[in-house]
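Right after this note come the structures.
The same chain A turns up in both complexes below, where it pairs with chain B and then with chain C.
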Partner chain A sequence: MTEYDLETKKALRRVLLLEYGFGPETLRGRKICPACGRGNGAYRTDCMSCGAALPNETLYDFYRARHRCCPGCGVVVTDVAVYCPECGAHLPEAAEQQEISV
Partner chain B sequence: MVQAKKTAAYRIATDSNGDRIFRFYCDISGELCCVTKPIQADTENAALEIAWETEGRWAFDRCPRCGRYVSSAMFNINAERCLDCAPWENEYPVFCHHCGVRLKDPKAFSCPICGARQLVGGTEGEEGMTE
Partner chain C sequence: MSIFRKRDLSPGNYGTEPVQPRVAVCFTTPTMTRRAADWLARLGGCCPLGILSDRSEDVIWQCDAENVDLLLLETDFSPAAEDTKDVSARCDIAIEVRRRLPECKVYLACEDGCPEKLPALDKAVELALIDGYCVGGLTSQQMHAWLIGAAEAMERRERRREQAYRQDSLPVD
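So, the complex of A and B:
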(Lines of atoms letter the chains of each structure in order from A and count residues from 1; the text may use other names and numbers.)
(Lines give C-alpha, C1' and ligand atoms only; values in the text may rest on other atoms or scores of the structure.)
Protein backbone atom coordinates (compact mmCIF):
# COMPACT_ATOMS: atom_id res chain seq x y z
CA MET A 1 0.00 0.00 0.00
CA THR A 2 1.46 3.38 -1.00
CA GLU A 3 1.47 6.40 1.30
CA TYR A 4 -1.14 8.00 -0.96
CA ASP A 5 -3.44 4.95 -0.74
CA LEU A 6 -3.07 4.87 3.03
CA GLU A 7 -3.89 8.57 3.45
CA THR A 8 -6.90 8.18 1.14
CA LYS A 9 -8.19 5.20 3.12
CA LYS A 10 -7.76 7.08 6.40
CA ALA A 11 -9.59 10.15 5.05
CA LEU A 12 -12.48 8.05 3.71
CA ARG A 13 -12.80 6.24 7.01
CA ARG A 14 -12.85 9.56 8.92
CA VAL A 15 -15.60 10.92 6.66
CA LEU A 16 -17.66 7.73 6.99
CA LEU A 17 -17.47 7.74 10.78
CA LEU A 18 -18.32 11.44 10.90
CA GLU A 19 -21.30 10.90 8.60
CA TYR A 20 -22.81 8.39 11.04
CA GLY A 21 -21.91 10.33 14.19
CA PHE A 22 -19.05 8.09 15.36
CA GLY A 23 -15.35 8.58 15.85
CA PRO A 24 -12.87 11.10 17.24
CA GLU A 25 -13.79 13.76 14.66
CA THR A 26 -17.37 13.73 15.93
CA LEU A 27 -16.09 14.13 19.49
CA ARG A 28 -13.85 17.04 18.47
CA GLY A 29 -16.73 18.84 16.80
CA ARG A 30 -19.20 18.65 19.69
CA LYS A 31 -19.85 20.34 23.03
CA ILE A 32 -22.53 19.31 25.49
CA CYS A 33 -24.63 21.94 27.23
CA PRO A 34 -24.22 21.51 31.00
CA ALA A 35 -27.74 22.89 31.58
CA CYS A 36 -29.95 21.00 29.10
CA GLY A 37 -27.64 18.31 27.70
CA ARG A 38 -28.10 19.33 24.07
CA GLY A 39 -25.19 18.67 21.71
CA ASN A 40 -23.75 21.83 20.13
CA GLY A 41 -21.09 22.54 17.55
CA ALA A 42 -17.62 23.00 19.03
CA TYR A 43 -17.46 26.54 17.60
CA ARG A 44 -20.40 27.72 19.76
CA THR A 45 -20.02 29.60 23.04
CA ASP A 46 -23.67 29.38 24.09
CA CYS A 47 -26.27 26.62 23.76
CA MET A 48 -28.47 26.88 20.68
CA SER A 49 -31.34 25.34 22.66
CA CYS A 50 -31.35 27.04 26.08
CA GLY A 51 -28.76 29.81 25.69
CA ALA A 52 -26.60 28.65 28.62
CA ALA A 53 -22.86 29.27 28.41
CA LEU A 54 -20.98 26.30 27.00
CA PRO A 55 -17.67 25.09 28.44
CA ASN A 56 -14.47 25.45 26.41
CA GLU A 57 -13.94 21.68 26.50
CA THR A 58 -15.30 19.58 23.67
CA LEU A 59 -16.55 16.02 23.98
CA TYR A 60 -13.07 14.94 22.88
CA ASP A 61 -11.50 16.64 25.93
CA PHE A 62 -14.07 14.86 28.12
CA TYR A 63 -13.17 11.55 26.46
CA ARG A 64 -9.42 12.14 26.84
CA ALA A 65 -9.82 12.94 30.54
CA ARG A 66 -11.30 9.48 31.09
CA HIS A 67 -8.42 7.60 29.48
CA ARG A 68 -4.71 7.06 29.45
CA CYS A 69 -2.99 9.34 26.93
CA CYS A 70 0.43 9.37 25.29
CA PRO A 71 2.57 12.07 26.97
CA GLY A 72 4.31 12.63 23.62
CA CYS A 73 1.54 13.16 21.07
CA GLY A 74 -1.54 13.20 23.35
CA VAL A 75 -3.46 10.43 21.59
CA VAL A 76 -5.64 8.14 23.73
CA VAL A 77 -4.08 4.70 24.19
CA THR A 78 -5.45 1.45 25.60
CA ASP A 79 -4.48 0.25 29.07
CA VAL A 80 -2.43 -2.61 27.63
CA ALA A 81 -0.27 -0.42 25.36
CA VAL A 82 3.43 -0.21 26.23
CA TYR A 83 4.31 2.05 23.27
CA CYS A 84 2.24 4.72 21.56
CA PRO A 85 0.93 3.33 18.24
CA GLU A 86 1.05 6.85 16.71
CA CYS A 87 4.46 8.24 17.70
CA GLY A 88 6.22 5.18 19.16
CA ALA A 89 6.95 6.86 22.53
CA HIS A 90 7.42 4.52 25.50
CA LEU A 91 4.37 4.95 27.72
CA PRO A 92 4.46 5.21 31.51
CA GLU A 93 2.65 2.44 33.42
CA ALA A 94 -1.11 3.02 33.70
CA ALA A 95 -0.92 3.39 37.52
CA GLU A 96 2.16 5.65 37.26
CA GLN A 97 0.38 7.97 34.83
CA GLN A 98 -2.66 8.12 37.10
CA GLU A 99 -0.42 9.29 39.97
CA ILE A 100 1.08 12.00 37.75
CA SER A 101 -2.35 13.33 36.76
CA VAL A 102 -3.59 13.41 40.43
CA MET B 1 -21.70 -9.00 37.27
CA VAL B 2 -23.11 -5.95 35.53
CA GLN B 3 -26.68 -5.11 36.46
CA ALA B 4 -28.62 -4.84 33.20
CA LYS B 5 -29.97 -1.31 32.80
CA LYS B 6 -33.45 -1.09 31.41
CA THR B 7 -33.20 2.38 29.91
CA ALA B 8 -30.77 5.24 29.49
CA ALA B 9 -30.76 8.02 32.10
CA TYR B 10 -33.92 10.11 31.78
CA ARG B 11 -35.93 13.03 33.09
CA ILE B 12 -39.69 13.47 32.96
CA ALA B 13 -41.69 16.59 32.20
CA THR B 14 -45.48 16.87 32.15
CA ASP B 15 -47.42 18.87 29.59
CA SER B 16 -50.68 20.80 30.09
CA ASN B 17 -52.77 17.63 29.45
CA GLY B 18 -50.91 15.70 32.13
CA ASP B 19 -49.08 13.57 29.55
CA ARG B 20 -45.48 12.69 30.25
CA ILE B 21 -42.56 13.72 28.06
CA PHE B 22 -39.33 11.79 28.54
CA ARG B 23 -35.84 13.10 27.87
CA PHE B 24 -33.23 10.38 27.49
CA TYR B 25 -29.54 11.11 28.04
CA CYS B 26 -26.30 9.34 27.16
CA ASP B 27 -25.08 7.38 30.22
CA ILE B 28 -21.50 8.59 29.77
CA SER B 29 -21.53 12.12 28.39
CA GLY B 30 -24.99 13.20 29.55
CA GLU B 31 -25.87 14.32 26.02
CA LEU B 32 -29.58 14.66 25.33
CA CYS B 33 -30.30 12.05 22.65
CA CYS B 34 -34.09 11.78 22.55
CA VAL B 35 -37.13 13.83 23.56
CA THR B 36 -40.31 11.80 23.24
CA LYS B 37 -43.72 12.99 22.21
CA PRO B 38 -46.27 13.32 25.08
CA ILE B 39 -47.23 9.88 26.37
CA GLN B 40 -50.51 8.97 28.01
CA ALA B 41 -50.36 6.13 30.51
CA ASP B 42 -51.78 5.32 33.95
CA THR B 43 -48.46 4.98 35.72
CA GLU B 44 -44.99 6.43 35.30
CA ASN B 45 -43.51 2.98 34.70
CA ALA B 46 -46.03 2.23 31.96
CA ALA B 47 -45.28 5.57 30.29
CA LEU B 48 -41.55 4.93 30.57
CA GLU B 49 -41.88 1.55 28.92
CA ILE B 50 -43.83 3.02 26.01
CA ALA B 51 -41.42 5.94 25.67
CA TRP B 52 -38.38 3.70 25.72
CA GLU B 53 -39.69 1.00 23.41
CA THR B 54 -41.22 3.30 20.83
CA GLU B 55 -38.67 6.11 20.73
CA GLY B 56 -35.85 6.15 23.25
CA ARG B 57 -33.96 2.95 22.59
CA TRP B 58 -33.48 3.69 18.88
CA ALA B 59 -31.40 6.77 19.72
CA PHE B 60 -28.77 4.78 21.65
CA ASP B 61 -26.12 2.12 21.33
CA ARG B 62 -25.95 -0.38 24.18
CA CYS B 63 -22.52 -1.50 25.37
CA PRO B 64 -22.64 -5.29 25.81
CA ARG B 65 -19.83 -5.14 28.36
CA CYS B 66 -21.07 -2.56 30.87
CA GLY B 67 -24.72 -2.44 29.81
CA ARG B 68 -24.87 1.33 29.51
CA TYR B 69 -26.83 3.14 26.80
CA VAL B 70 -24.64 5.70 25.04
CA SER B 71 -24.84 8.14 22.15
CA SER B 72 -23.15 7.16 18.89
CA ALA B 73 -20.38 9.69 19.65
CA MET B 74 -19.48 7.72 22.79
CA PHE B 75 -19.59 4.32 21.06
CA ASN B 76 -16.68 2.53 19.41
CA ILE B 77 -18.34 0.92 16.42
CA ASN B 78 -15.19 -1.09 15.59
CA ALA B 79 -15.09 -2.79 18.98
CA GLU B 80 -18.88 -2.62 19.47
CA ARG B 81 -18.40 -1.25 22.96
CA CYS B 82 -18.74 2.15 24.62
CA LEU B 83 -15.69 4.41 24.69
CA ASP B 84 -15.17 3.80 28.41
CA CYS B 85 -14.77 0.06 27.75
CA ALA B 86 -12.92 0.38 24.42
CA PRO B 87 -11.24 3.68 23.48
CA TRP B 88 -10.71 4.43 19.80
CA GLU B 89 -7.66 2.79 18.30
CA ASN B 90 -5.91 3.85 15.11
CA GLU B 91 -6.93 1.36 12.43
CA TYR B 92 -3.60 1.99 10.71
CA PRO B 93 -1.04 2.04 13.54
CA VAL B 94 2.49 3.23 12.78
CA PHE B 95 4.16 1.44 15.72
CA CYS B 96 3.41 -1.81 17.53
CA HIS B 97 1.84 -0.93 20.88
CA HIS B 98 3.52 -3.93 22.53
CA CYS B 99 7.16 -3.88 21.39
CA GLY B 100 7.39 -0.42 19.79
CA VAL B 101 8.73 -1.58 16.42
CA ARG B 102 7.75 0.50 13.35
CA LEU B 103 5.20 -1.49 11.34
CA LYS B 104 5.87 -1.86 7.65
CA ASP B 105 2.28 -2.83 6.86
CA PRO B 106 -0.14 -0.50 8.69
CA LYS B 107 -3.02 -2.89 7.92
CA ALA B 108 -1.29 -5.88 9.55
CA PHE B 109 -3.47 -7.79 12.00
CA SER B 110 -0.53 -8.57 14.28
CA CYS B 111 3.07 -7.44 14.81
CA PRO B 112 5.56 -9.43 12.68
CA ILE B 113 8.15 -9.20 15.49
CA CYS B 114 6.31 -9.93 18.74
CA GLY B 115 2.97 -11.23 17.41
CA ALA B 116 0.84 -8.76 19.37
CA ARG B 117 -2.61 -8.14 17.97
CA GLN B 118 -2.72 -4.52 16.78
CA LEU B 119 -6.35 -3.71 17.54
CA VAL B 120 -7.05 -4.70 21.11
CA GLY B 121 -10.77 -3.86 21.00
CA GLY B 122 -11.22 -3.04 24.65
CA THR B 123 -9.22 -2.88 27.84
CA GLU B 124 -10.01 -6.01 29.80
CA GLY B 125 -6.41 -6.70 30.69
CA GLU B 126 -5.60 -8.75 27.59
CA GLU B 127 -1.97 -8.63 26.66
CA GLY B 128 -2.85 -8.24 23.00
CA MET B 129 -0.92 -11.35 22.08
CA THR B 130 -2.08 -13.87 19.53
CA GLU B 131 -3.14 -17.26 20.88
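So, the complex of A and C:
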Protein backbone atom coordinates (compact mmCIF):
# COMPACT_ATOMS: atom_id res chain seq x y z
CA MET A 1 0.00 0.00 0.00
CA THR A 2 1.43 3.35 -1.04
CA GLU A 3 1.49 6.62 0.92
CA TYR A 4 -1.24 7.92 -1.40
CA ASP A 5 -3.44 4.90 -0.58
CA LEU A 6 -2.99 5.37 3.15
CA GLU A 7 -3.71 9.09 3.06
CA THR A 8 -6.75 8.90 0.81
CA LYS A 9 -8.19 5.87 2.59
CA LYS A 10 -8.10 7.72 5.90
CA ALA A 11 -9.54 10.89 4.36
CA LEU A 12 -12.31 8.98 2.62
CA ARG A 13 -13.22 7.27 5.87
CA ARG A 14 -13.63 10.66 7.57
CA VAL A 15 -15.84 11.92 4.73
CA LEU A 16 -17.92 8.75 4.88
CA LEU A 17 -18.39 9.07 8.64
CA LEU A 18 -19.46 12.70 8.27
CA GLU A 19 -21.78 11.91 5.39
CA TYR A 20 -23.70 9.27 7.27
CA GLY A 21 -23.50 10.84 10.68
CA PHE A 22 -21.66 8.22 12.73
CA GLY A 23 -18.34 9.98 13.20
CA PRO A 24 -17.19 11.94 16.24
CA GLU A 25 -17.07 15.14 14.18
CA THR A 26 -20.78 14.89 13.41
CA LEU A 27 -21.63 14.11 17.02
CA ARG A 28 -19.55 17.05 18.29
CA GLY A 29 -21.57 19.37 16.08
CA ARG A 30 -25.02 18.31 17.32
CA LYS A 31 -27.14 18.84 20.41
CA ILE A 32 -30.49 17.18 21.06
CA CYS A 33 -33.30 19.17 22.64
CA PRO A 34 -34.34 17.50 25.94
CA ALA A 35 -37.92 18.80 25.47
CA CYS A 36 -38.83 18.00 21.86
CA GLY A 37 -35.95 15.73 20.78
CA ARG A 38 -35.04 17.78 17.72
CA GLY A 39 -31.40 17.95 16.60
CA ASN A 40 -29.73 21.37 16.82
CA GLY A 41 -26.31 22.73 15.96
CA ALA A 42 -23.78 22.64 18.80
CA TYR A 43 -23.44 26.44 18.70
CA ARG A 44 -27.09 26.91 19.79
CA THR A 45 -28.14 27.55 23.38
CA ASP A 46 -31.89 27.17 22.77
CA CYS A 47 -33.85 24.80 20.57
CA MET A 48 -34.66 26.14 17.11
CA SER A 49 -37.95 24.25 17.20
CA CYS A 50 -39.46 24.71 20.69
CA GLY A 51 -37.14 27.30 22.27
CA ALA A 52 -36.23 25.14 25.28
CA ALA A 53 -32.76 25.58 26.77
CA LEU A 54 -30.25 23.13 25.33
CA PRO A 55 -27.68 21.29 27.48
CA ASN A 56 -24.00 22.24 27.23
CA GLU A 57 -23.08 18.68 26.26
CA THR A 58 -23.09 17.72 22.62
CA LEU A 59 -24.13 14.30 21.35
CA TYR A 60 -20.48 13.34 21.45
CA ASP A 61 -20.32 13.90 25.23
CA PHE A 62 -23.25 11.52 25.69
CA TYR A 63 -21.65 9.08 23.27
CA ARG A 64 -18.40 9.18 25.25
CA ALA A 65 -20.30 8.47 28.45
CA ARG A 66 -21.45 5.18 26.99
CA HIS A 67 -18.38 4.09 25.05
CA ARG A 68 -14.66 3.97 25.50
CA CYS A 69 -13.21 6.54 23.11
CA CYS A 70 -9.72 7.51 22.03
CA PRO A 71 -8.73 10.79 23.71
CA GLY A 72 -6.74 11.74 20.60
CA CYS A 73 -9.11 11.32 17.67
CA GLY A 74 -12.36 10.47 19.42
CA VAL A 75 -13.26 7.19 17.73
CA VAL A 76 -14.83 4.43 19.80
CA VAL A 77 -12.45 1.64 20.80
CA THR A 78 -12.97 -1.76 22.41
CA ASP A 79 -12.52 -2.28 26.15
CA VAL A 80 -9.33 -4.29 25.65
CA ALA A 81 -7.61 -1.96 23.18
CA VAL A 82 -4.26 -0.53 24.31
CA TYR A 83 -3.58 1.62 21.23
CA CYS A 84 -6.10 3.46 19.05
CA PRO A 85 -6.56 1.65 15.72
CA GLU A 86 -7.29 4.99 14.03
CA CYS A 87 -4.55 7.37 15.19
CA GLY A 88 -2.20 5.06 17.10
CA ALA A 89 -2.42 6.98 20.40
CA HIS A 90 -1.81 5.10 23.64
CA LEU A 91 -5.18 4.64 25.32
CA PRO A 92 -5.82 5.21 29.03
CA GLU A 93 -7.21 2.38 31.13
CA ALA A 94 -10.95 1.79 30.62
CA ALA A 95 -11.66 2.78 34.27
CA GLU A 96 -10.05 6.21 33.73
CA GLN A 97 -12.80 7.27 31.34
CA GLN A 98 -15.00 9.96 32.81
CA GLU A 99 -18.69 9.22 33.08
CA ILE A 100 -21.18 11.95 32.24
CA SER A 101 -24.60 11.66 33.80
CA VAL A 102 -27.34 11.86 31.21
CA MET B 1 -2.40 0.45 -38.64
CA SER B 2 -4.14 -0.92 -35.59
CA ILE B 3 -7.71 0.14 -34.94
CA PHE B 4 -6.70 0.28 -31.28
CA ARG B 5 -4.02 2.89 -31.94
CA LYS B 6 -4.07 5.44 -29.15
CA ARG B 7 -5.35 8.86 -30.13
CA ASP B 8 -2.66 11.54 -30.14
CA LEU B 9 -3.65 13.96 -27.41
CA SER B 10 -0.63 16.23 -27.69
CA PRO B 11 -1.73 19.77 -28.50
CA GLY B 12 -0.82 20.52 -32.09
CA ASN B 13 -1.20 24.26 -31.76
CA TYR B 14 1.19 24.56 -28.85
CA GLY B 15 2.95 27.91 -28.84
CA THR B 16 0.51 29.64 -31.16
CA GLU B 17 -2.47 30.06 -28.85
CA PRO B 18 -3.17 28.99 -25.25
CA VAL B 19 -4.24 25.39 -24.85
CA GLN B 20 -7.67 25.07 -23.30
CA PRO B 21 -8.25 22.68 -20.41
CA ARG B 22 -10.00 19.43 -21.21
CA VAL B 23 -13.11 19.26 -19.07
CA ALA B 24 -14.94 15.97 -18.52
CA VAL B 25 -18.51 16.13 -17.25
CA CYS B 26 -20.42 13.21 -15.86
CA PHE B 27 -23.97 13.71 -14.70
CA THR B 28 -26.39 11.13 -13.40
CA THR B 29 -28.17 10.69 -16.74
CA PRO B 30 -26.71 10.74 -20.27
CA THR B 31 -29.17 13.48 -21.25
CA MET B 32 -27.98 15.73 -18.44
CA THR B 33 -24.36 14.96 -19.34
CA ARG B 34 -24.93 15.97 -22.98
CA ARG B 35 -26.69 19.12 -21.85
CA ALA B 36 -23.82 20.00 -19.47
CA ALA B 37 -21.22 19.40 -22.22
CA ASP B 38 -23.20 21.62 -24.61
CA TRP B 39 -23.42 24.32 -21.95
CA LEU B 40 -19.65 24.16 -21.43
CA ALA B 41 -19.04 24.37 -25.18
CA ARG B 42 -21.17 27.51 -25.36
CA LEU B 43 -19.43 28.93 -22.28
CA GLY B 44 -16.04 28.58 -24.01
CA GLY B 45 -12.55 28.46 -22.57
CA CYS B 46 -12.40 24.66 -22.44
CA CYS B 47 -12.67 21.48 -24.50
CA PRO B 48 -15.73 19.72 -23.05
CA LEU B 49 -16.09 15.98 -22.98
CA GLY B 50 -19.23 14.14 -21.88
CA ILE B 51 -18.81 10.85 -20.04
CA LEU B 52 -22.14 9.18 -20.65
CA SER B 53 -21.66 6.23 -18.29
CA ASP B 54 -21.34 7.27 -14.68
CA ARG B 55 -20.00 3.90 -13.52
CA SER B 56 -16.82 4.61 -11.60
CA GLU B 57 -14.59 2.34 -13.75
CA ASP B 58 -15.82 4.02 -16.94
CA VAL B 59 -15.30 7.52 -15.57
CA ILE B 60 -11.79 6.72 -14.32
CA TRP B 61 -10.79 5.01 -17.57
CA GLN B 62 -12.11 7.77 -19.79
CA CYS B 63 -10.51 10.55 -17.74
CA ASP B 64 -7.18 8.74 -17.95
CA ALA B 65 -7.52 8.00 -21.67
CA GLU B 66 -8.49 11.57 -22.51
CA ASN B 67 -5.97 13.10 -20.10
CA VAL B 68 -8.52 15.51 -18.67
CA ASP B 69 -7.62 18.60 -16.66
CA LEU B 70 -10.91 19.02 -14.86
CA LEU B 71 -13.64 16.55 -13.95
CA LEU B 72 -17.11 17.69 -13.00
CA LEU B 73 -19.23 15.01 -11.33
CA GLU B 74 -22.84 15.25 -10.30
CA THR B 75 -24.02 13.68 -7.07
CA ASP B 76 -27.40 12.07 -6.50
CA PHE B 77 -28.59 11.88 -2.92
CA SER B 78 -31.99 10.38 -3.64
CA PRO B 79 -32.52 6.96 -2.03
CA ALA B 80 -33.88 5.69 -5.36
CA ALA B 81 -30.49 6.13 -7.06
CA GLU B 82 -29.51 2.82 -8.68
CA ASP B 83 -25.86 3.07 -7.82
CA THR B 84 -24.18 5.07 -5.09
CA LYS B 85 -23.59 8.63 -6.28
CA ASP B 86 -23.12 10.18 -2.87
CA VAL B 87 -20.21 12.32 -1.69
CA SER B 88 -18.01 9.42 -0.58
CA ALA B 89 -18.62 7.43 -3.79
CA ARG B 90 -17.71 10.49 -5.88
CA CYS B 91 -14.61 11.06 -3.72
CA ASP B 92 -13.65 7.47 -4.44
CA ILE B 93 -13.70 8.27 -8.16
CA ALA B 94 -11.72 11.47 -7.54
CA ILE B 95 -9.03 9.48 -5.67
CA GLU B 96 -8.61 7.03 -8.54
CA VAL B 97 -8.61 9.76 -11.19
CA ARG B 98 -5.95 11.70 -9.30
CA ARG B 99 -3.86 8.59 -8.83
CA ARG B 100 -3.54 8.55 -12.62
CA LEU B 101 -3.70 12.31 -13.22
CA PRO B 102 -2.37 14.09 -10.11
CA GLU B 103 -2.96 17.56 -11.57
CA CYS B 104 -6.60 16.92 -12.48
CA LYS B 105 -9.10 19.12 -10.66
CA VAL B 106 -12.27 17.41 -9.46
CA TYR B 107 -15.47 19.29 -8.61
CA LEU B 108 -18.88 18.07 -7.52
CA ALA B 109 -22.20 19.50 -8.62
CA CYS B 110 -24.68 18.78 -5.84
CA GLU B 111 -28.40 19.16 -5.68
CA ASP B 112 -29.92 21.66 -3.27
CA GLY B 113 -31.95 20.64 -0.23
CA CYS B 114 -29.56 18.24 1.49
CA PRO B 115 -27.86 20.35 4.19
CA GLU B 116 -26.80 17.21 6.03
CA LYS B 117 -24.34 16.52 3.20
CA LEU B 118 -22.53 19.85 3.56
CA PRO B 119 -20.15 18.82 6.39
CA ALA B 120 -19.04 15.82 4.32
CA LEU B 121 -18.51 18.03 1.27
CA ASP B 122 -16.51 20.58 3.29
CA LYS B 123 -14.39 17.82 4.80
CA ALA B 124 -13.74 16.35 1.34
CA VAL B 125 -12.44 19.76 0.21
CA GLU B 126 -10.43 20.26 3.42
CA LEU B 127 -8.78 16.86 3.01
CA ALA B 128 -8.12 17.63 -0.67
CA LEU B 129 -10.10 14.68 -1.99
CA ILE B 130 -11.94 17.15 -4.25
CA ASP B 131 -11.16 20.74 -5.20
CA GLY B 132 -14.60 22.18 -4.63
CA TYR B 133 -18.33 21.81 -5.04
CA CYS B 134 -21.41 23.78 -5.90
CA VAL B 135 -24.89 23.35 -4.48
CA GLY B 136 -27.89 23.93 -6.72
CA GLY B 137 -27.23 25.44 -10.15
CA LEU B 138 -23.72 25.83 -11.47
CA THR B 139 -23.21 29.43 -12.55
CA SER B 140 -21.00 30.52 -15.43
CA GLN B 141 -18.91 32.65 -13.02
CA GLN B 142 -18.24 29.62 -10.83
CA MET B 143 -17.30 27.51 -13.85
CA HIS B 144 -14.99 30.23 -15.14
CA ALA B 145 -13.23 30.36 -11.76
CA TRP B 146 -12.75 26.57 -11.85
CA LEU B 147 -11.47 26.76 -15.44
CA ILE B 148 -8.92 29.39 -14.43
CA GLY B 149 -7.71 27.07 -11.66
CA ALA B 150 -7.43 24.19 -14.14
CA ALA B 151 -5.55 26.37 -16.65
CA GLU B 152 -3.08 27.43 -13.94
CA ALA B 153 -2.50 23.80 -12.99
CA MET B 154 -1.89 23.01 -16.67
CA GLU B 155 0.66 25.82 -16.93
CA ARG B 156 2.49 24.58 -13.83
CA ARG B 157 2.58 21.07 -15.25
CA GLU B 158 3.88 22.29 -18.60
CA ARG B 159 6.56 24.38 -16.91
CA ARG B 160 7.70 21.37 -14.88
CA ARG B 161 7.73 19.24 -18.00
CA GLU B 162 9.79 21.81 -19.92
CA GLN B 163 12.21 22.16 -17.01
CA ALA B 164 12.64 18.39 -16.83
CA TYR B 165 13.18 18.26 -20.60
CA ARG B 166 15.84 21.00 -20.44
CA GLN B 167 17.64 19.22 -17.61
CA ASP B 168 17.56 15.96 -19.56
CA SER B 169 18.94 17.58 -22.69
CA LEU B 170 21.83 19.47 -21.04
CA PRO B 171 25.10 18.75 -22.85
CA VAL B 172 27.46 16.52 -20.89
CA ASP B 173 31.16 17.50 -20.94
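Note that in this section the second predicted complex is superposed on the first by the 65 of 102 C-alpha atoms of A that agree within 3 Å, B and C clash if a C-alpha of one lies under 4 Å from a C-alpha of the other, contacts with A are read in each partner's own complex, and residues count from 1 in each chain.
What we mean here is this: contacts are C-beta pairs under 8 Å (C-beta built on N, C-alpha and C of every residue); 3 or more make two chains touch, one makes a residue touch a chain.
What you are looking at is a predicted structure, and each value in this text was computed from that prediction instead of being measured.
Student: What is the contact status of A:Thr26 with respect to chain B (first) and chain C (second): first, second, both, or neither?
Tutor: both
Student: Does the superposition put A:Arg44 against chain B (first), chain C (second), both, or neither?
Tutor: neither
Student: Once the structures are superposed on A, label A:Arg14 by its partner contacts, choosing first (chain B), second (chain C), both or neither.
Tutor: second
Student: Considering only the touch criterion stated at the top, classify A:Tyr4 as touching first (chain B), second (chain C), both, or neither.
Tutor: Touch partner of A:Tyr4: chain C, not chain B.
Student: After superposing on the shared chain, does chain C or chain B touch more chain A residues?
Tutor: B
Student: Pick one for A:Arg66: touches chain B only (first), chain C only (second), both, or neither.
Tutor: After superposing on A, A:Arg66 lies in contact with chain B but is clear of chain C.
Student: Would you check which partner chain A:Val77 touches, where first means chain B only, second means chain C only, and both and neither mean what they say?
Tutor: Only chain B; A:Val77 stays clear of chain C.
Student: Do any residues of chain A touch both chain B and chain C, and if so, which are they?
Tutor: 21, 26
Student: In the complex, go through chain C and note every residue touching chain A.
Tutor: These residues of chain C touch chain A: 86-88, 91-92, 95, 99, 116-117, 119-120, 123-124, 127-129.
Student: Across the complex, what residues on chain B touch chain A?
Tutor: Interface residues on chain B, with respect to chain A: 23, 25, 29-32, 71-77, 83-84, 86-100, 102, 105-107, 118, 120, 122-123, 125-128.
Student: Which residues, counting only chain A, touch chain B once they are in their complex?
Tutor: Those residues of chain A that touch chain B are 1, 6, 9-10, 13, 17, 20-24, 26-27, 30, 32, 36-39, 59, 62-63, 66-67, 75-88, 90.
Student: Tell me, which parts of chain A touch chain C in their complex?
Tutor: Touching chain C from chain A are residues 4, 8, 11-12, 14-16, 18-19, 21, 25-26, 29.
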